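Scrolling down, you'll hit the structures one after another.
The following pair of complexes shares a single chain, chain A, combined with chain B in the former and chain C in the latter.
== the complex of A and B ==
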């Protein structure tokens, strides 16, 4: 019995990793802030929190795909800025939005091919891609400005059937990601590939007929497309294109993934873990702002928490 | 009787080296076929060709008289050929069912994986094997033996007619080997053809019906097992007889180098004493898992002894030694410790031979001193150990098992230790390399060194050692000269204690 609870809390015997602990952490922060500030649980604060956290949640969910196969995607922050720049080019939304996803898909494809086919290390491949995107974005839009189509703005700021749009964003993103990750062969194969990487049995998945390289490429495409979606959401909030708005998102996303219990070595992790991880980060920053903690101290505290949570996830050797 | 599978004149080379040269092999339903040969003889390559991992350069594979060819292992499995490889191919982060169905998962509604069907099918395959495992157990929760049984279940579920077991027992204990043998017999009785690769003679004679011996990529011969005995098998494999395998025993012995007195390695175990003299090879024998390894690892501090004292070259070793400093402490007293699992505990697989040997030489130096290359020492060690490699810069992982083991031993021999503690000196090593390793250990003893070995292989213990201590229930129960010891005598001493 004791072992049972211990396993749940530490996530040692599950493929989903350690997500209970960050969940408890998120709840503790909520409880603490409710007591301290009083208006934590008010609907407007919760919605505000959701709107603040949404780009991070979306990006981190995309990042989860890549991390699960033992990779990393450092190009997502640049891709977010790039997406806002594209949307602010001026033109009809029905061209701009598909264009954003197409370009993001191309970026993911190049990342994936570089990693899976050309054997470039994920950090190098996606870092190079980050530079490329940053450069192109600055050519398109050297400083923030322009205006994004009204549809995009309303899709983020408006309401539909009495509910704010960010709720729908959340539902759609989670459904799509859940389907891909936990409700399809693709997701299972990502876990299999990552498990092979982490346990040194790299050929195991290939030997039973899993298309390893193609799935890895798809993982990078998924990451890029989710980042593009996060870019569209952000563009709707800032109503213009901004070449720097995505700065740092790649690191926050990796932090959220790691805090949510996904192992950076691959093969262990979950969608809900990543959402919880992103919420922990958002709650921390929201809460500390409410408590008037200086932004500099906030950054230091976030670093400490990342270190603490990841240190607690060290798994047994055999269990990955 | 017609063969189920016929491999005909299979050839394969990797780069410039020929791994297989026109080898033919016929497998019959309802029989267990042993495949033997030294490491590098081509057994694994041949089986990987049959399993679809490699494609042959020449020759053909026939099943029931029809020629077949596989592009990948998946196709081989679909053609009814199931393999349990040396390196296990299950993924630890997936459940048993997910592993069994990986690559061809049944899909349910909306394209999601049909877990209910997967688990039900897996459960019935496991039950067929008499395994009481839940299909949704993560493979990381299974023992190595259970993982192998799951791989066999994989083949049963795919309705395979040929099962290839590549050294399945290398990591199993005696009880699990017995269970595995039961499964193999059951498969045989169900009319399957089984290929069994192993270095352990007793297993071959217990379970196999026929044996094929390969040497240097060529077929030496195929015989019914009733026509061979261990000695003639070894003769086929290396071209010499069993008694030549072991070097001569020690004629003289010097002073005591390692003395263990009133040692207790469990809370309630009887204290015991043992001593190892210069010039001697001493073996810890007995039934498997009775504390031989625990005894040795109590000396290096991995386990804490509950009493007693240890003297090395007459100097008392202050007890307890801690797990983190034990090996280093002993090393400073001239004791080299060679762990059982060379891949996990011994070698740096991704590093060159030179580094693997030099690391022990560097161990004596100051942390900030300039790291010498020790080029001559390493070249000398490699020549003395007869390590077959293209050079000292060759990555250890690319060496055969026997050569890896020699590199590991060479590390301590080059470092001029006086006492060697060796666990499983020849695990997963072919007969030719075994003989070389025995000779190296004997030479070390003859130059005044003392050796303490433990091994699962009783024949090896009797042939190699001068004296044996029989270990049972975490204590020493008998001492006997190895020259007159028999397997029966050792078992008797252990069980009558």
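== the complex of A and C ==
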């Protein structure tokens, strides 16, 4: 019985990884902040928190797809900035928004083809792509500025049926991601591919009839498209294009994914874990700001939390 | 035609790491565009700038050979730079700083190795977390502003030359030669190869897998400490941002040099030429007057193309 609960808390035998511990951690932070500050659970603070965390949640969900097949996507931060720059080009929203997703999909396609078909290491492929996107973004918009279409601003800052828009964003993103990851053949295949990679039997998924290369390519496309969605959300919040607004998001996203119990060797992880991981990071920074902790100490503490959480995730195999 | 492709000579040529090809191409371009720039004096100055990266790569290739990765170099460089520039240790002299850098690097590397090998924690996350913690500590100590000046003798040593070759470049190549001997002539070098090829098989053959990984990380940390000294000497001031992107660039140079996770085809010199081609790429782009965005795009395209060519060839060779 004791072993049973220990297994649940540490996610030892779970395909979804360790997500109960981060959840307890998030609840503990909420409880602590409620006692210390009093206004933690007020609706306006919660909505504000959700809006702050939304770009990270969306990007981290995208990253989860790639991490599940044992890959990494370092181009998402650059893609976020790129999306805001495209939206600020000026033009009708019904052209700009599909254009953002099309271009992001193309980037994901190139990443995926390079990794799955051309045998390039994910770190190299997506890092090179990051350089290229940063360069193109700087051509489009050397410094922050421009204005994004009204529709985008209202879709992020407005309200609908009495609820702020970030709630709808959250619901839609989670539904789409849940359908892809836990409600479709595609998601199941990602787990199969990643499980093989993690246990050293790279052909395992191929041998049972999974179209490995195609699914890996789709995983990178999904990651890029979620990053584009995060870019649209951020553009709506900052109301302009900014070539540096996405800097560092690839690291935050990987951090959130890892804190949420998804293993970087692939095959183990979950959507709710990633959401919890992103919320832990957002709660930490929100809470420490409320408590007037220096932003530099916040960085160090976030690193410490990351170290603590992954130290709990013991694996059989060594490595990445 | 296919017969020729199968010949051992052609097969061997196909396995040449992309870094050599990129280096030769860039040198040819520079030679045809600005022949007077291709001499020891001019090239030495450009190559000197990448010496910290080149030294960091020596540690990176070691941990990548045992299927691990080290992203903590940025934090180590920042911390060592802070201690040297901030005057935390008044009256300290050069030997003290060297010892300090080596101790910091070795401790960080040992911690990384212990977490990766004993606790079986993801190497990306552990080394990334260590780097984040170190960066946070330095920025907190420095209050977000550059800490101060580096003692003058760092810059003086950095600017010395032996003949027409800058000392930092000689030092870098000396360390590369040491690492090459270390990997090719010692039992530890064979352990590294064995663990990289197949950790399980190595374990059952009696190779101390965990110890090999821990030692690799410890040496990589030590090398990161040395890279921190050279980087600090090269910029000659304290900074809260120096060297943050070096670890990931080091990974790129290492992979372009033909060393991938668990595979060491490129040896030590492949990755070293990877760093040299980054330096040369910078020179060529500056010569052609490419603006900053153009440089980023060209860098990305060249890395991607080189990696694609190599990836396709190794896939066919297997």
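For this structure, a couple of remarks:
The rule is simple: the second predicted complex is superposed on the first by the 315 of 320 C-alpha atoms of A that agree within 3 Å, B and C clash if a C-alpha of one lies under 4 Å from a C-alpha of the other, contacts with A are read in each partner's own complex, and residues count from 1 in each chain.
As a working rule, a residue touches a chain if its C-beta (ideal position, glycine included) is under 8 Å from a C-beta of that chain, and two chains touch if they have at least 3 such contacts.
In this text the structure is predicted, and so the values were computed from the model without any measurement.
Superposition of the two complexes onto chain A shows a clash between chain B and chain C. By the touch criterion defined above, A:207 lies against chain B but remains apart from chain C after alignment on the C-alpha atoms of chain A.
By the touch criterion stated above, A:253 is placed in contact with neither chain B nor chain C.
In the superposed model, A:217 lies in contact with neither chain B nor chain C.
After superposition on the shared chain, chain A has more residues touched by C, the comparison being chain B against chain C.
When the shared chain is aligned, chain C comes close enough to touch A:296, but chain B does not. When the shared chain is aligned, chain B comes close enough to touch A:198, but chain C does not. In the superposition on chain A, A:76 contacts neither chain B nor chain C.
Contacts of A:152 after superposition on the shared chain: neither chain B nor chain C is touched. Within chain A, the residues touched by chain B in the first complex and by chain C in the second are 318-320. Residue ranges on chain C touching chain A, taken from their complex, read 67-69, 115-117, 119-126, 128-133, 135-137, 139-140, 143-144, 199-200, 209-210, 213, 248, 251-252, 255-256, 260-261, 292-301, 303-304, 307-308, 311-312, 314-315.
Only residues 13-15, 179, 183-185, 188-189, 191-192, 194-196, 198-199, 201, 203-210, 267-268, 318-320 of chain A touch chain B when the two sit together in their complex. Chain A contributes residues 72, 74, 114, 118-121, 123-125, 127-139, 142, 200, 251, 254-255, 258, 263-265, 294, 296-304, 306-307, 310-311, 313-320 to its touches with chain C in the complex.
The touching residues of chain B, counted against chain A in their complex, run 53, 72-74, 77, 87-94, 98, 102-105, 107, 110-113, 138, 140-141.
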